[in-house]
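Next come two complexes, and both contain subunit A; in the first it sits with subunit B, in the second with subunit C.
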Partner chain A sequence: MANQKIKHRLAKDKLMLWTICIFATLTAVPLFAILGEVLLRGYSQLSWSFFTEPTPTAYKAMKAIEAGEPIPGGIANGIVGTMIILSMAVVVAVPVGILCGTFLAENRKKRFAKIVSYLTDLVQGIPSVIIGIITYIWIVVPMKGYSAIAGSVALCIMMLPLIIRSTEETLKILPASLKEAGLALGGNKARVMMKVQLPAAFGGIFTGVLLAISRVIGETAPLMFTALGCSFIRWSINKPISAVPLLIWEFFNDPHLQELIWGASLFLLIFVLTLNLTAKYLAKKWNQ
Partner chain B sequence: MNDKLYRTILFIAALTIPIVCGGVVYALITDAYDAFEHFGFFRFLTSSEWSYTEGAEQYGALPFITGTLLTTLLALLFCIPFSLPVAFFVGEYFKGSRVASILSTVTDLLAGIPSIIYGLWGFYTLRPVIITLNISPQGSGILTASLVLAIMIVPYAASLSAEFIKMVPNDLKESAYSLGATRAEVVRKIIFPVAGSGIFSSYILAIGRALGETMTVTMLIGNTNNIPTSITSTGNSMASIIANQFGEADGLRLSSLIAIGLILFLITAVINMIGKMMIKRARIS
Partner chain C sequence: MESIIPILEFKKTCVSYTKQTMAVKYVSAAIERNTITAIMGPSGCGKSTLLRAVNLMHNLYSNIRVDGEILLNGENILLMEPIDVRRRVGMVFQRPAPFPTMSIYDNVLAGFALNGIHLSKSKKDEIVESNLKNVVLWDEVKDVLNKKGTFLSGGQQQRLCIARALAMKPDILLMDEPTSALDPIATKRIEELLLELQKKVTILVVTHNMGQAKRISSRSMFMYLGELVEYGDTETMFSNPEHERTKAYLIGKIG
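For the complex of A and B:
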């Protein structure tokens, strides 16, 4: 009788172990399913013209499909647009984010810093489509038109909380002796921050910036009502501009351009996951 | 640079965040005001009409609030049987081992995939499956959107839960083992009660993510403007109606969409606040 009960308990224990192992492993399935599908359907599009030519018209693509040729053109308009929007966003978000994070790390106990810290969480939680609405109201309406600037403002708002947090966290875990040693040598606070603390925190901040970029580079919703999209390669910052995720959104349902969209997704996915893994690798390396 | 200048610069940089927040709230409220004034706040929330016939415009948020709540709850339901095992796998059973770090990298990568690619994958891979299984004729709908949404929030729920499971003190577990408990019993009777509030809060934050998710839902929910009658029917979430119609809207419709945005903003802000507070409390105890 007692034996039976123990057997029963042990069986339950085993069952639990196996259930956890099986379901945990199943979680990996979607990742490989998505990677596999994007890779299989997208790789045939990756050619020189994919990176140098803008998206073709649906008519051209249809003709090519009928003739059994690969779809002409590429996603260069999206790549150029993403680069312009993203670089403007990074140029603003990185210094402002680092300064704000430094403020939070320096004034931990002040009331205002606590409020800012709390609001940073709030901004981080704003759904991306609302960031799009806000930027539309703030930038697109007064400027009377969609533009690359509006797109980068939206991405900048999304990046800020991530950079602020990583700066703050990294500065917080630096040993206090570092700062004290700097101050003891006669440097003032600003000098110690610039020459000692920030350089020591570089690793953490850098990985934070990489992660922030990988977060926003695939964002579509904030760009839909700000950058809008554009069918040719454009280098100006005050006109509508395309971006890689915007192209996917625009053509995902178009039977003629489907293949091109898988190529664009593959490109985006490789970019995002590489950034992600690099950031994780660097974080691990610098932590040791 | 002297200290005063340094402090001023930091202070100005820190001001950007309150300014952004204030600007968000101010812009949403002023632009949503028209809709609320025209329809009345409560009628706007409870009306299920969405018609833009000139002269007889009628807008209400109820179908989209229902759509958002339904997709989020279903996604949560589908996500639990996977995120909980991942959390226990990483945080308890294989804590610190190589397989655990591989699994957490996998979930991190899942979190990194852009939502538009989830949408594309759902549209071309999952939707045909739903059609062949005869669950719904058009393939898209609340169910399809929630399934993909569930995959997207697994990483958030799992990584945070694992953190709390890891923090359960060893002496508690060891004393249970010394009384003859099996591992399953330790999990159920020690780890679960101790880490429970932390695990719960991680699901609250996952809900916060799911509520505002836009592209995936927009591509998979079917985009119809009525209240969904079953989980296989099509619908629209608050985020997806904005994504679908904002570009072409003006006047009262634009204002109504912004009003929906305001409601969505408030809901996510409250959910996130509750989640953050619970996490703080769970960390202290």
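For the complex of A and C:
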């Protein structure tokens, strides 16, 4: 009797396990399907010049296609643009985000902190296209032109909530004894934060920054309103500038350049996946 | 004059976490210089709460009220700047808490860094060496000073934390069950260390291990439900307790 019951239970356990395995596999299918598709289509385009040369003109591309040669040029203008836009966004978003997250973690019970925390959640939910159009009104119109600066403002707004949250959450899960031990030695709150709490939270915050970068690096809509695009490598921050996701959109719209879509996509995908994996790895290492 | 004023004196000290209840009720006691004073009592009787009042840890939480007076060398600390008080009152916590991102070397010097005090390299070396020798840790760690403090064993970590507190040359060292997370051998070493250290610093130690109180303290407090029931020489208290409650606790009937 009892034996029967146990057998029945074990069978149920097994069934559950199999169901879970099947669903887990199913969720992985899209990821591998996407990776495979982009890899198959894109890998043949990757070459040294793909990363060092700017986008070819439609005319050059047309000539190459007519001659049956591979399309010359690459996405260097996009890579340079993405790096410029992104580094300016990071330079502002990281310190501001950490400061704001620190404030929220340290003043949990204050009304003002609760409001800011709520607003942070709201900003995180704003569709990126709206952030794009708002930045257009706020930056592009007064500056009388599209620019890398405007692009980085848009990405900065999108990164801030993520960095604020990860800072706040990481500081909150640190044991209270750490802060108390610092204060018990006579340190003031700011020094204990700088020398004890923030260093201890570094892993979590860094992970948050990486995730924020990987979240915005593929954003296209906000850059359409702000950075616009540029067909050659440009280093100035107050002129229209290119970015990798913008290039993918441009390639898609130009029949002569469509071959370049997949190389650019593969580059972007690998970049984002690497950032994500690094972030996961660091988070895991930190939690040990 | 100096000798008449006790190093630390509680005067009708009360601490409450909520409006309705008091966790420490009207405690009055004078602590003697260069002794180890043990605070005993069953779990939840207010030992930690009383101890944490001495370095103004309660100031960190807006809901906690501290009333009465706590005099440090005759000066009421409740009216002083927390930072000034904490520099003169060291604290060692129940769980060893070396700063995880700092090396052993930097952990010893953490108090200076946190107070914004800059020291020359030779002065730093001197402080690290003398304080690690004070806690009998120097020989074990002198070759790994640049490793993280968290690599050490629990007992070593706790001695590192004591060294970190002593480096600031406090008048008083507060310890909240400093050995409860340690094995018997590490506990014994810390106890021997405290007996040695009392020559330099006054120690106030919370323990719910009666054997420990008996072994190391010369004076003992017995607390019950937030009140200080009995305070006196440890030997007298253990051999001839004045109050029924103390007696019941000591023979294991409560707690």
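Going forward, the second predicted complex is superposed on the first by the 263 of 288 C-alpha atoms of A that agree within 3 Å, B and C clash if a C-alpha of one lies under 4 Å from a C-alpha of the other, contacts with A are read in each partner's own complex, and residues count from 1 in each chain.
Here is the rule we use: contacts are C-beta pairs under 8 Å (C-beta built on N, C-alpha and C of every residue); 3 or more make two chains touch, one makes a residue touch a chain.
Here the structure is a predicted model, which is why all the values come from computation and not from measurement.
In the superposed pair of complexes, A:L273 makes contact with subunit B only, with no contact to subunit C. In the superposition on chain A, contact is made by A:A181 with subunit C only, not with subunit B.
Judged by the touch definition given at the top, the superposed model places A:C100 against subunit B, while subunit C stays out of reach. Measured by the number of subunit A residues touched, the leading partner among subunit B and subunit C is B.
Looking at the shared chain after the overlay, A:L171 reaches neither subunit B nor subunit C.
Looking at the shared chain after the overlay, A:A200 reaches subunit C, while subunit B stays out of its contact range.
In the superposed pair of complexes, A:M159 makes contact with neither subunit B nor subunit C. With both structures placed on the common chain, the touch criterion links A:A148 to neither subunit B nor subunit C. Of the two partner chains placed by the overlay, only subunit C lies in contact with A:V192; subunit B stays clear of it.
When the two complexes are superposed on chain A, the residues of subunit A that touch both subunit B and subunit C are 188, 191.
Looking at the complex, you find that subunit C touches subunit A at residues 55, 57, 60, 62, 82-84, 86-87, 90-91, 93, 95, 97, 99-102, 110-111, 113-116, 161, 164-165, 168. By the touch criterion given at the top, residues 109, 175, 177-178, 180-188, 191-192, 195-196, 199-200, 202 of subunit A touch subunit C in their complex. On subunit B, the positions that touch subunit A within their shared complex are 1-3, 5-6, 9-11, 13-14, 16-18, 20-21, 23-24, 27-28, 31, 81-86, 88-90, 93, 103, 105-110, 112-121, 123-125, 151, 154, 158, 182-185, 187, 208, 211-215, 219, 239, 242-243, 246-247, 257-258, 261, 264-265, 268-269, 272-273, 276.
Touching subunit B in their complex are the following residues of subunit A: 9-10, 12-13, 15-17, 19-28, 30-31, 33-34, 37-38, 95-96, 99-100, 102-104, 106, 112-113, 115-116, 119-123, 125-130, 132-134, 136-138, 157, 160-161, 164, 188-191, 193-194, 214, 217-221, 224-225, 228, 245, 248-249, 252-253, 261-262, 265, 268-269, 272-273, 276-277, 280.
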